[in-house]
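Both of the next two complexes hold subunit A, though its partner changes from subunit B to subunit C.
Now for the complex of A and B:
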């Protein structure tokens, strides 16, 4: 019986406390808002106002705070970039052809790539490797970007859906989702993924940038990064950073659906299938069934000498 | 005896090649006389120089470096010259234009990459580094190029694209004979040349064999670009869209169900295994709870 009597009193006390809480919080908030308003009015100076030229060619003065309303909120930009970054370009299938007979280790591709993606000097989305298969076969240089496989082993292992394949064939990483588990690094047979062990190169400068999944900038510590086929450039009908930086005509890039690839140096456009057929094109590790979108032309009849200083490194594994 | 003769032949030809090629390389380029005296319609003023700079930065800097800075690619053979140097200074505008057009060895031809005005603007930028250079503007009338009419037609039977080049002069329609014509199909990053460039016949007509298996868009349309180059009329370009390619509508690479796809497009077997596993576990828990309730109810009774 006693419990029955207590119940109503308990309830009313709780209600009372709740009401007090609401009123109290409301008055504190209201008060601070008024105070902030007064403070703001006092602080307002000439430097807080800017002159702008309207579309009607009239010079107006506007408070700086009013300007922020014109620009889009950061979250909206991010949502837009994330959405179109995930979808990719419809009706396209990007392919890259790397002509090994022309590569002379100028390393301009690497520099352009590191510059675009804000990478540290020791981080490579694309790397020019020194290769030698056997003692009797010649050494050659081999640029190696991400192969953007049609059956990517790195994507299904991601536990958080951070790395994904798009409809145009590009494999990207969303470092907003990446938790840094590095399963994908372990899964990739081409070792084309890198991990941001330390703070990004331009941490301070990139602080206010909206994250672009097609450029992977700003880079973030504790996330994975990799070659993106310069997805942001392809959207603008421009060739990737590495392709257009090469001075030796090593790279061809194009759309498989158009059966055409364009050389980044000479800007000459040729038939994709014919180029592979005439020069014996191949892919790396086809036995894995990864179906790479990067094709290689063998280093046949190369016109340059393999640099003496690189010979040791190329033959290191041959014993 | 035969061998000695053969050796002699080889050595003579070798000698000839070296003797002939040394001056050719030393002088640089074997520019035809008619091309040497060619001048630009574009006036090399501050505007042209500025636009030329952006053309130069995009296409030339990677090898030649910034003029006067000496930061050209020294590893190339032959090394590309610093374009602010005397060697370049001493060349005529026509020679520079010819070099840009033809290319040689490592240097690509820019004829099909840059428009005529862009090529002249790049030269304007290079000339801005040459002290004492005075431009001679071309006497040909740039307005003349507007009179040119290019008619492109396609014959499905023979798979041939025919280009008819005419000029609407005041005296009547004139066929432009001996005019260089190049045919291109527009692709995403550049223009794919169809056959080699050729010259028009006496009627101002030339035809190209169009490849049968070139992909077009969904309807098979291909954007054709015709470029003509005539001594009197300059360079003219025309674009047209025609249904001469193979209709291409390839499904997207993420359309099929596969392991790497998003969850909605995961393979059936993985969805079935996963969800049946989950439902078995949850079902077991529900079953246990129901039994517990039964026990509880029995206890109450």
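Now for the complex of A and C:
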């Protein structure tokens, strides 16, 4: 024991060598482990890697374990909903065609719309009107949604950019922004806009919902509401609520760019321009220069008679 | 020497009204209580929403907007009297300028509040500044009304500077604090030639600048309607139509105020029959111009009777709104013009009644411009309750619309208690000029 105490340096040199040995061995082992890892990585290449296509259209390969699902659009994220709600769907130009010869005032469109947008019975995003142009011309039913004009009189008058026109042609209203001045209501020649005069229908039930500008739900007291062409449904590649609900084949809906519209009842897809051409399609009050995106086919050869009880109301507007 | 005593008399006459008295306190009390009641009505609207009004989806602008137009209209009189007539060298306006300016400032300042009372989300008012879009006529209106309020404040204040000094020097029955405020506001006025020249120059500059701004506020206000496609609003003459209508309203307002000041402030020596006669003639002049615009506005579409114009015109001439329409056009415009052609009618008392008729008629005229148009959209109003088709204002709504009037009266009452309602310095100067 005493000899150990006398030669402390010797012992420490031995320790030092021992330690080097350990480190050296460790390095070798570690290095070979890395090598083995690389070998392993190369071996599993074929089976454990996947090919992906980037947004820039480049084909790449990544390890399967590195993959994670793209976070789904978070319905609870207001900022996200607002952003994509204002942008709209790229490359689309939505159009609607309403075949007046088929409408028999079933009003399923109105009910589906009110249900989807949490509206009261007297609140209409879409309203089926009883129309008559002159004394001798026949009365007919005319569903009237927002015309989603390409030159919308309602949009420029908004002082706060609460109502806006999207790249896909849809005119929306942001009730997070709306100050409730109702200038847009005054400016719309089609009476397409409504206002939440008091507490909305589902004030209590909806109070925890995150506002979706493409659905305009929850509705908010003191703000304007309007037809949205069911922008939320279009994002899911579905037809609008009113279009799907119609039992009589009145509505066609589609993309002007594709020149294709789909009938909501029969699900038949036809050429948009051909449909207008063959049936004398027109827009409401084109002389106002609003350029509507809703087209009508005249009530020619109506499949259903105009109901006797509605005749008086239709004639009221004759003047 | 004689002049000196006359100047003293003018000063004491015109400063006499600046003191507390019982009737002032009672009047302020009445106004205060009225304001509280009206504000209570507004709290109901804030809580329950605009559903407490008679407004619905089709007639979504009603009394509030009519009231707003009326307030902007009444505020134009300051520009007409002080700037237009002043620049054209009319001397008779001297005792009326401040009355006109006070009316202008009070109505213009309150007009902004009227529009806020119509908003579904008044707490989002700041959005107008945060997200304001230049293409919206509302933004033009906000801008130009704000400028007009500021200019009108200056237009009231700058000619007042010499008088504030006089108030400080001559009124002795006030507290030292009040006296100090007068001194402070008189901006060290000494009446030196340099100061006089400077004030004259400033007044002239504002007189010129305020004319386009005043035209602007009411032209832009008319564009809130004319910029839409609606029948009855889609008109190219709405700008001048509204501006001339505003002069009619303002003249009537000034005549009512003149009558009140003449008799309550004992200012018969200053607001003389001569001034009333002049104001009556001015009212006739602007009313004739306004009548001419009315003729154009209703005759031209009435002659052609296009489908939707016909519905609208029919409703005004013989339909639901006919009684109000003819009462306003005849009682508020045609008959006053005819009556005021007679010299006997151009005296204070008959003029008071005529001016009141014109003033009330002017308010309902705005109602006639706003409401019937909204009741006649291009497409039929269907599948909604009856109250969506026919607009009937509610009591709450009427009370809320009353609040701005109370506020205007409060502003005018207070201002006419703290400053001489007739310019003292100018009156003395004019007297000296004419008695040289």
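To be clear about the criterion, the second predicted complex is superposed on the first by the 241 of 319 C-alpha atoms of A that agree within 3 Å, B and C clash if a C-alpha of one lies under 4 Å from a C-alpha of the other, contacts with A are read in each partner's own complex, and residues count from 1 in each chain.
As a working rule, a contact is a pair of C-beta atoms (placed from the backbone, for glycine too) under 8 Å apart; a residue touches a chain by one contact, two chains touch by 3 or more.
Just so it is clear, the structure is predicted and the values come from calculations on it, not from any experiment.
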| Clash or fit, subunit B versus subunit C on superposed subunit A | fit
| message | Looking at A:183, would you say it contacts subunit B, subunit C, both, or neither? Reply first, second, both or neither. | response | second
| query | Which partner does A:191 contact after superposing on A: first (subunit B), second (subunit C), both, neither? | reply | second
| Which partner does A:118 contact after superposing on A: first (subunit B), second (subunit C), both, neither? | neither
| said: Contact-wise, after the overlay, does A:317 reach subunit B, subunit C, both or neither (first, second, both, neither)? | reply: second
| query | Between subunit B (first) and subunit C (second), which does A:288 come into contact with in this model arrangement: first, second, both, or neither? | reply | second
| request: Scan A:127 for contacts with subunit B and subunit C and give back first, second, both or neither. | output: second
| Now for A:255: first (subunit B), second (subunit C), both, or neither, which partner does it touch? | first
| message | For A:226 in the superposed arrangement: first (subunit B), second (subunit C), both or neither? | response | neither
| request: Pick one for A:150: touches subunit B only (first), subunit C only (second), both, or neither. | output: first
| query | Between subunit B and subunit C, what is the shortest CA distance in the superposition, whole Å? | reply | 6
| message | Per the definitions at the top, what is the overlap between the subunit A residues touching subunit B and those touching subunit C? | response | 156, 161
| message | Show me the residue ranges of subunit A that touch subunit B in the complex, using the header's touch definition. | response | 88, 90-93, 104, 106, 108, 150-152, 155-156, 161, 164-169, 237-239, 245-249, 253-255, 257-260, 262, 265-271
| request: Enumerate the contact residues on subunit C facing subunit A in the complex. | output: 48-52, 55-58, 60-61, 115, 118-122, 124-125, 127-128, 130-133, 135-139, 142, 224-225, 227-230, 307, 310-311, 314, 374, 377-385, 388
| field | Touching residues (chain side subunit A, partner subunit C) in the complex | value | 110, 122-124, 127-131, 144, 153, 156-162, 177-183, 185-187, 189-191, 193-199, 221-224, 284-285, 288, 290, 313-314, 316-317, 319
| Contact set on subunit B toward subunit A in their complex | 59, 62-63, 73, 75-76, 103, 106, 108-109, 112-113, 185, 187-193, 211, 213-215, 248-250, 252-255, 258-263
